[in-house]
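Right, I'll just put the structure down here and ask away after.
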Amino acid sequence: MNNEIRHILEAVEAGSMSVDDALIKIKDEPFEDIGYAKVDLHRKIRQGSPEVIYGEGKTAEQIVGIVDMMLEHGQSPILITRFSKDKADKLAEKHDFTYSASARIGIVGEIPEADGIGTIVIATGGTSDIPVAEEAALTAECLGNKVDRLYDVGVAGIHRLLANREHLMKASVVIAVAGMEGALASVVGGLVDCPVIAVPTSVGYGASFHGLSALLSMLNSCASGVAVVNIDNGFGAGYMASRINHMEVR
Amino acid sequence: MNNEIRHILEAVEAGSMSVDDALIKIKDEPFEDIGYAKVDLHRKIRQGSPEVIYGEGKTAEQIVGIVDMMLEHGQSPILITRFSKDKADKLAEKHDFTYSASARIGIVGEIPEADGIGTIVIATGGTSDIPVAEEAALTAECLGNKVDRLYDVGVAGIHRLLANREHLMKASVVIAVAGMEGALASVVGGLVDCPVIAVPTSVGYGASFHGLSALLSMLNSCASGVAVVNIDNGFGAGYMASRINHMEVR
Amino acid sequence: MNNEIRHILEAVEAGSMSVDDALIKIKDEPFEDIGYAKVDLHRKIRQGSPEVIYGEGKTAEQIVGIVDMMLEHGQSPILITRFSKDKADKLAEKHDFTYSASARIGIVGEIPEADGIGTIVIATGGTSDIPVAEEAALTAECLGNKVDRLYDVGVAGIHRLLANREHLMKASVVIAVAGMEGALASVVGGLVDCPVIAVPTSVGYGASFHGLSALLSMLNSCASGVAVVNIDNGFGAGYMASRINHMEVR
Amino acid sequence: MNNEIRHILEAVEAGSMSVDDALIKIKDEPFEDIGYAKVDLHRKIRQGSPEVIYGEGKTAEQIVGIVDMMLEHGQSPILITRFSKDKADKLAEKHDFTYSASARIGIVGEIPEADGIGTIVIATGGTSDIPVAEEAALTAECLGNKVDRLYDVGVAGIHRLLANREHLMKASVVIAVAGMEGALASVVGGLVDCPVIAVPTSVGYGASFHGLSALLSMLNSCASGVAVVNIDNGFGAGYMASRINHMEVR
Amino acid sequence: MNNEIRHILEAVEAGSMSVDDALIKIKDEPFEDIGYAKVDLHRKIRQGSPEVIYGEGKTAEQIVGIVDMMLEHGQSPILITRFSKDKADKLAEKHDFTYSASARIGIVGEIPEADGIGTIVIATGGTSDIPVAEEAALTAECLGNKVDRLYDVGVAGIHRLLANREHLMKASVVIAVAGMEGALASVVGGLVDCPVIAVPTSVGYGASFHGLSALLSMLNSCASGVAVVNIDNGFGAGYMASRINHMEVR
Amino acid sequence: MNNEIRHILEAVEAGSMSVDDALIKIKDEPFEDIGYAKVDLHRKIRQGSPEVIYGEGKTAEQIVGIVDMMLEHGQSPILITRFSKDKADKLAEKHDFTYSASARIGIVGEIPEADGIGTIVIATGGTSDIPVAEEAALTAECLGNKVDRLYDVGVAGIHRLLANREHLMKASVVIAVAGMEGALASVVGGLVDCPVIAVPTSVGYGASFHGLSALLSMLNSCASGVAVVNIDNGFGAGYMASRINHMEVR
Amino acid sequence: MNNEIRHILEAVEAGSMSVDDALIKIKDEPFEDIGYAKVDLHRKIRQGSPEVIYGEGKTAEQIVGIVDMMLEHGQSPILITRFSKDKADKLAEKHDFTYSASARIGIVGEIPEADGIGTIVIATGGTSDIPVAEEAALTAECLGNKVDRLYDVGVAGIHRLLANREHLMKASVVIAVAGMEGALASVVGGLVDCPVIAVPTSVGYGASFHGLSALLSMLNSCASGVAVVNIDNGFGAGYMASRINHMEVR
Amino acid sequence: MNNEIRHILEAVEAGSMSVDDALIKIKDEPFEDIGYAKVDLHRKIRQGSPEVIYGEGKTAEQIVGIVDMMLEHGQSPILITRFSKDKADKLAEKHDFTYSASARIGIVGEIPEADGIGTIVIATGGTSDIPVAEEAALTAECLGNKVDRLYDVGVAGIHRLLANREHLMKASVVIAVAGMEGALASVVGGLVDCPVIAVPTSVGYGASFHGLSALLSMLNSCASGVAVVNIDNGFGAGYMASRINHMEVR
């Protein structure tokens, strides 16, 4: 940012740019305003990945509008999360894209080559946690990561997890997805030496209180090296894991 | 109870007992009323173990009074839980008894021989959970059980638990005591084939919410064969485990 | 487990087993991996009862797949909990099984002879608690227990409970199922001398907060010898009671 | 109120009262403003009992000031609740009064003769609930009620309660005071045919959450004819019971 | 109860009753067991009003069965609460009864003459609270009370309440029904000198948390003489008010 | 109010008004009682704006009835909030009015000229918050305010907010509408020097707990000059902002 | 801000400022960094009032350091909130200032003349709410407002509030301070036509949950024109009221 | 682990190791059991960093014992968290170590050279958050990281944060520490392109509910690339950041 302002200032000093033009330049909006949304077009430059569309609470029309505008500005791939089947059907009338019904994710454009440091391992406690895990997996793949899926390895049958220890040992980041008591995060956190992203899910009933139990469990993990995202936030975990997996020396 | 009433009725029929005496007998109170407390003296007969004195919220004088009265009626041993050091000092002026400061338990009288089915194993997640575990251990011993202590085997270093698997395998009941995320109960529950009593502790900080996190975790355990008692309720776990360990064919 | 490794090592020493074969043996997976699930086939050996299928959050196809695979490995009976009618209909196209719509339980295979220590008594506070009680009852029966049902004996009409005291007195384990204020567990806990498993239900409205009131009540029971499972967790109570009812001397 | 205005209006009509005097009369404040408090002096007329001083959060000086002013206006007896020992000592320097340290209640003036319809029975679950029960008892006595104390009759030993059924049967109102799981209210509610005021107490630990468990229990009572006051609100229960016990035909 | 046992004993003594008959008599069940329910037939004698059927969680068939059996035993009127329209339709195929769809209450049999001490005034904060108020009103009428309805007098327009002060002043009991912030109970409690039963409703949104806000408000009422029932529990309030309104000297 | 009573009293003194007429006048109800509602017709005089109809929990018939009566008394415009489409259709059969489906608001009568001190700026964190923002906007416009909409300026892309700083700087009041973590209120609060009304929305999932997260965030804002209304309460924010924007010297 | 950048640019264009100087100017920090704090010195210009020191969690040394630095930069008056007596004593060793022990507020420098639109009325429900009210009052006075205190006018004695209606009617803003059930805000909100800032206090016990009850009450106020600040946040209310009371036409 | 077993097996095959020795080796405990603790001595090998001593809930004697034993096994440096001053004094009698009273951290042994990928930036919202930030900073330094402290840059004065944007831009990981509304995490998350670890603190009062508000805020962050640790868990954040900052290609 700094350099840009310097260039503008130098141009003004050199007389090659008027004060008013400079003013506009400095205040130029790095987003497109389409009324109901201000789409962030500089995000790839600023944060290394394009804006993601959070589908819930937006009408199908709004989503189509945002996709149109992002495509116009050459943004690709475009990730749409919490994207219900019926809204996806509306988008399908206009654009080709990949859709996962269980993960409720749509991807417009090509999934890039994996270019991260290593592999992201995604483990789930049970079968019912798979939709959230898939949201994480598709997000991570969409952001250029190699993903290894390790499903149904909950701690009630600890041998299933231990038998897959080798997978875990090779991970550069682990995403631990679990509902109910969410103990998976702690056990995994104690086995590996890489960062662990814990995703509590709303799987369970009664005193699971829609994921609260797993959330608290994971926040209180007695294992070190574990950080937590929101309940059912597979996207957030995949995104965070990707950032970690794309660390660079500065 | 039924038989007793039958005997009374038969005595009345036989003329060997007057109606008024029968009335008194039937209504006879199986407890001693000392104003601030109605001490249950039939409990040993009714439930196999004497009444236990819950020390919190009672004055030292009240506790001494109840102990006096129980001793008078030949109750022994007497267990006093949540019994603070200063109240214990008051009791010590009058009676000999064993006191554990960390477990805040006092025991008046002899600890009986162990006569249960097998051994109760008490496992803790960490060192800080030991006071609650000791409350459970002393309670169980006081009720006639053999206890095996297995402390600091939390799931963040799962090898510590696995290395002690043999202890667990020999248990007739396991008491799993853990704070923070309370994952110990689930992992233990998945390893053993005997009943597991889970005790959440208030060990932790922040989002452990004074034991709520561990409590919810244990209630949502994905392992079967786990039941839970109140936060920090070592006594309750020891008592329940003892009941299980003294099961009889009926 | 220990013995098995010794045998393997002795075979290696004797030259009758290669290092690589030994390595495989030690690491051999006691479960079948079918992608979305890792079915635990050793559980009966390890824990005395086959794996149970938690139906919620699994598709009908996944359930059918798991059942197929368990039957292939000779597992029987197979218990499917939280099993909705429409999923059950899918399974019925392929397998014969018993289904209880109110308890939402399916049982594939024969219910075994009761071989426990005694009888499990299941009491409910009201009529609305019966579905949860039936989940417990069917689970317990499926695991080889004799069950005695004592429904609608809530404490607001304490004489109904007292009139059935004899049933309670003969129990080896009592399961107390109640919603609203869940006081049944405390009153029963004070009457019997066997272990009591308390199941809070979500029956109620307003400040029952979907079972929270009953849950807290039961956790805070002033009666000793009571342990609690998750809200509406009839299965968990039946399973725990069965473990207790099958205690063995070790 | 209506009549009073009529009299004023008639006086104005008759010319015996000026408009300005009438205005003052109508607007006359039925309370004394002493800056930090507006003491309600008409309450006895309006509501049948004098204002009560809630001691918590008031300085000793403020309490003395309010008492002074109430005595000046002939209010008696004066009830001071949540009145700590050290503040009471300050008041004792100036006025004679009765003080109960456990109930933290002070009473300035004579306790009146009991003139209610019948007897208020106050039952507690345990010994630790007695301070709250005493707050209720002293409040009720101070408001002209006969009180019958029935302490330590919790439901874990239901025979203690049943043995005292006669006391309950003679009550015109019952106040049920209990902490932990608060089941006393439901059982009592099912036994009697008079109104029951339930007082949850903060007695307990862990998942009692400072009285929340007992509060929810009592609100969800499956017995009819039970209403609830705030946690530890012995005063409120005593006051409500007194209102009921002083019902009049209108 | 006492007298009855005496009579039995005297009969046994006189030889006019055998021991076995006496035993049966003493243990005779004052309820009818129809499997899914144990209908309390002595309640009218014991508590002055017949058992009430809580419709939620019971099937239409179960409700019809209970009604049948109660009618057989001459119980009338029969009150059915939380009684949905479709279940009511089922009952209508067999019995005549009055049904209020908004209050979800059915009444089988005649509403008795009002025979209470005075009038029960039922006030609501808004129009949306009327269904709960009607549940209270119909319950109270069904139990023999005169009811005065005072709807939509919430405190945001305090003059509406003050203008109706006369109604309140004539009440023997007031039921204050309000959602949102539930302030009505406090303001009414400060105006009247009779008992006030407060009913929080789930009317509101956001931070009303389904009635929690109103519930807490009412429990913390700064006015004395207010007791609270469960959220939306119009029935409980009507029942409690009726008990108060039928107080008798003992 | 005072003056009015004086006039009445003077009229009585002068003999031009009888005592009974005066009594009626003083007690005259400033509202119309239509059974299910007491419509406040003096509110415009008392509070500067007509009563608003809260549509939830009222039947379409009740709403039509209230509108009829308000129109009869010349009240206009009439605002109906939380007004569902199907109820609105019922009203449309009888009256012309403007309806916003997303804001669920109906306005009967003309929207007045803006006559406030300045402009109310309404900012949202995201697109999904727009319905709540529109409820605020329409309310404010209906009450005579100029509104400037600034949507989708959430803090995750702070440059979008900063680029619109000029809008904010010109506001006389800002309404900040945001769900999820609700950080918008704090950032806006730190940028402007006018009052900020924060509206948490229920936009989000998992640990947003239906708006609780945003609500707590806003209440704990580290910026000064921020006050909060209920979750999703666009109406309340618009009303409050209007009151501020119509401040007058007194 | 815009103008400033324009001036800098024009200076650069005119050659009277070098690019590097311009760069520094644009990036010049409007705050002083003293390591543990970055004191905001431009706030008076930006937001019309100087930064306020939140005393809690800061050491006495840190507070003295910040005051020193602010005085150096000519900031006055300086408000220090949540300022404990012992920390205040430390500051007193170095600077003269006014201290209110009950409000825990310190003011360094002169309190300015009142220059707001009108008067801020601060009402409390009870005597115990006064410390929070005083925090609001002193804050408002310190920011140039006339304050009218109206203490102990809680709704349980509504006549005390109504008798002071005239005070309320003259307010330009009302701050309603109340604990327990917090009903004051709703009643006041229904009486006045100016903005109302509601401050819940932690006054109360049991189910007041440290102010939660009052907070929810106020957020759910059925009166319009009420917005809420954090529990016990007298400062925030005073600040917000001052902003409203200093509204200007733009 | 795999290789080790292979080596043992090969040794057995080669006859250079007996079966019994092999059995011992395989089962050899990688921890030292000192009764109250099982100190994990292989953790450095397994997870790249030595075990950390959680000081809370351990006696000074226990801590000294664990330190002794770790030093014996050559573990260094040793980090002791939540280490109170008085316990630290006990350790100081025996060992030299660095102690930070505000962060409550003790470090035995030398802090290693920083060898991570880049710099960890630790930002706080306010001055009161510094102790938690220091816990994170010292932990990270102790684990070989370069740390850049950026304190008191809360969002209420967003220019303070923006002015330090350059620091943020150079971070390899950012730790955002904030209490109250915790908005810092979202704003920082939107500015940087590296992973952000959010630490909610218990700084605040009232509705901050001891850090719950900040916790929820951070979990619901609308910015991507943010993961959260427990309230006040500076250690956890420092540890997680270090793991990320020591990522290696595998």
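By letter and in written order, the chains are A, B, C, D, E, F, G and H; residue numbering begins at 1 in each of them.
Everything that follows uses one rule, which is that a contact is a pair of C-beta atoms (placed from the backbone, for glycine too) under 8 Å apart; a residue touches a chain by one contact, two chains touch by 3 or more.
No experiment lies behind these values; they were computed from the predicted model shown.
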Tell me which chains count as touching both chain C and chain G.
A, D, E, H
If you tally contacting C-beta pairs, which pair wins, E-F or A-H?
A-H
Return the distance between the CA-based centres of chain B and chain E, expressed in whole Å.
40
Using the average of all C-alpha atoms in each chain as its centre, how far is it in Å between chain B and chain C?
25
Taking the mean of the CA coordinates per chain, how far is chain E from chain H in Å?
58
Geometric centre distance via CA averages, chain D-chain B, whole Å:
38
Identify all positions of chain F at which a residue touches two or more other chains, and write them in rising order.
126, 157, 191, 206-208, 212, 215, 219-220, 224, 230-231
Per the touch rule above, enumerate the chain pairs that touch, sorted by label.
A-B, A-C, A-F, A-G, A-H, B-C, B-D, B-E, B-H, C-D, C-E, C-H, D-E, D-F, D-G, E-F, E-G, F-G, F-H, G-H
Within their complex, state which residues of chain D touch chain B.
126-130, 151-153, 157, 159-160, 163, 203, 205-208
Contacts from chain E onto chain C in the complex sit at residues 27, 29-31, 35-38, 40, 42-43, 54, 56-58, 62, 82, 200, 202, 210-212, 215, 230-233
Spell out the residues on chain C that touch chain B in their complex, using ranges where they run on.
1-2, 46-49, 52, 117-119, 165-166, 170-172, 191-195, 197, 215, 219-220, 224-231, 235-237, 239-240, 243-245, 247-250
Name, in rising order, each residue of chain F that touches chain H in their complex.
125-126, 154-158, 180-183, 185-187, 189-191, 204, 206-209, 212-214, 216-224
Which of the residues in chain E end up touching chain B in this complex?
5-6, 9-10, 12-13, 15, 19, 22-23, 26
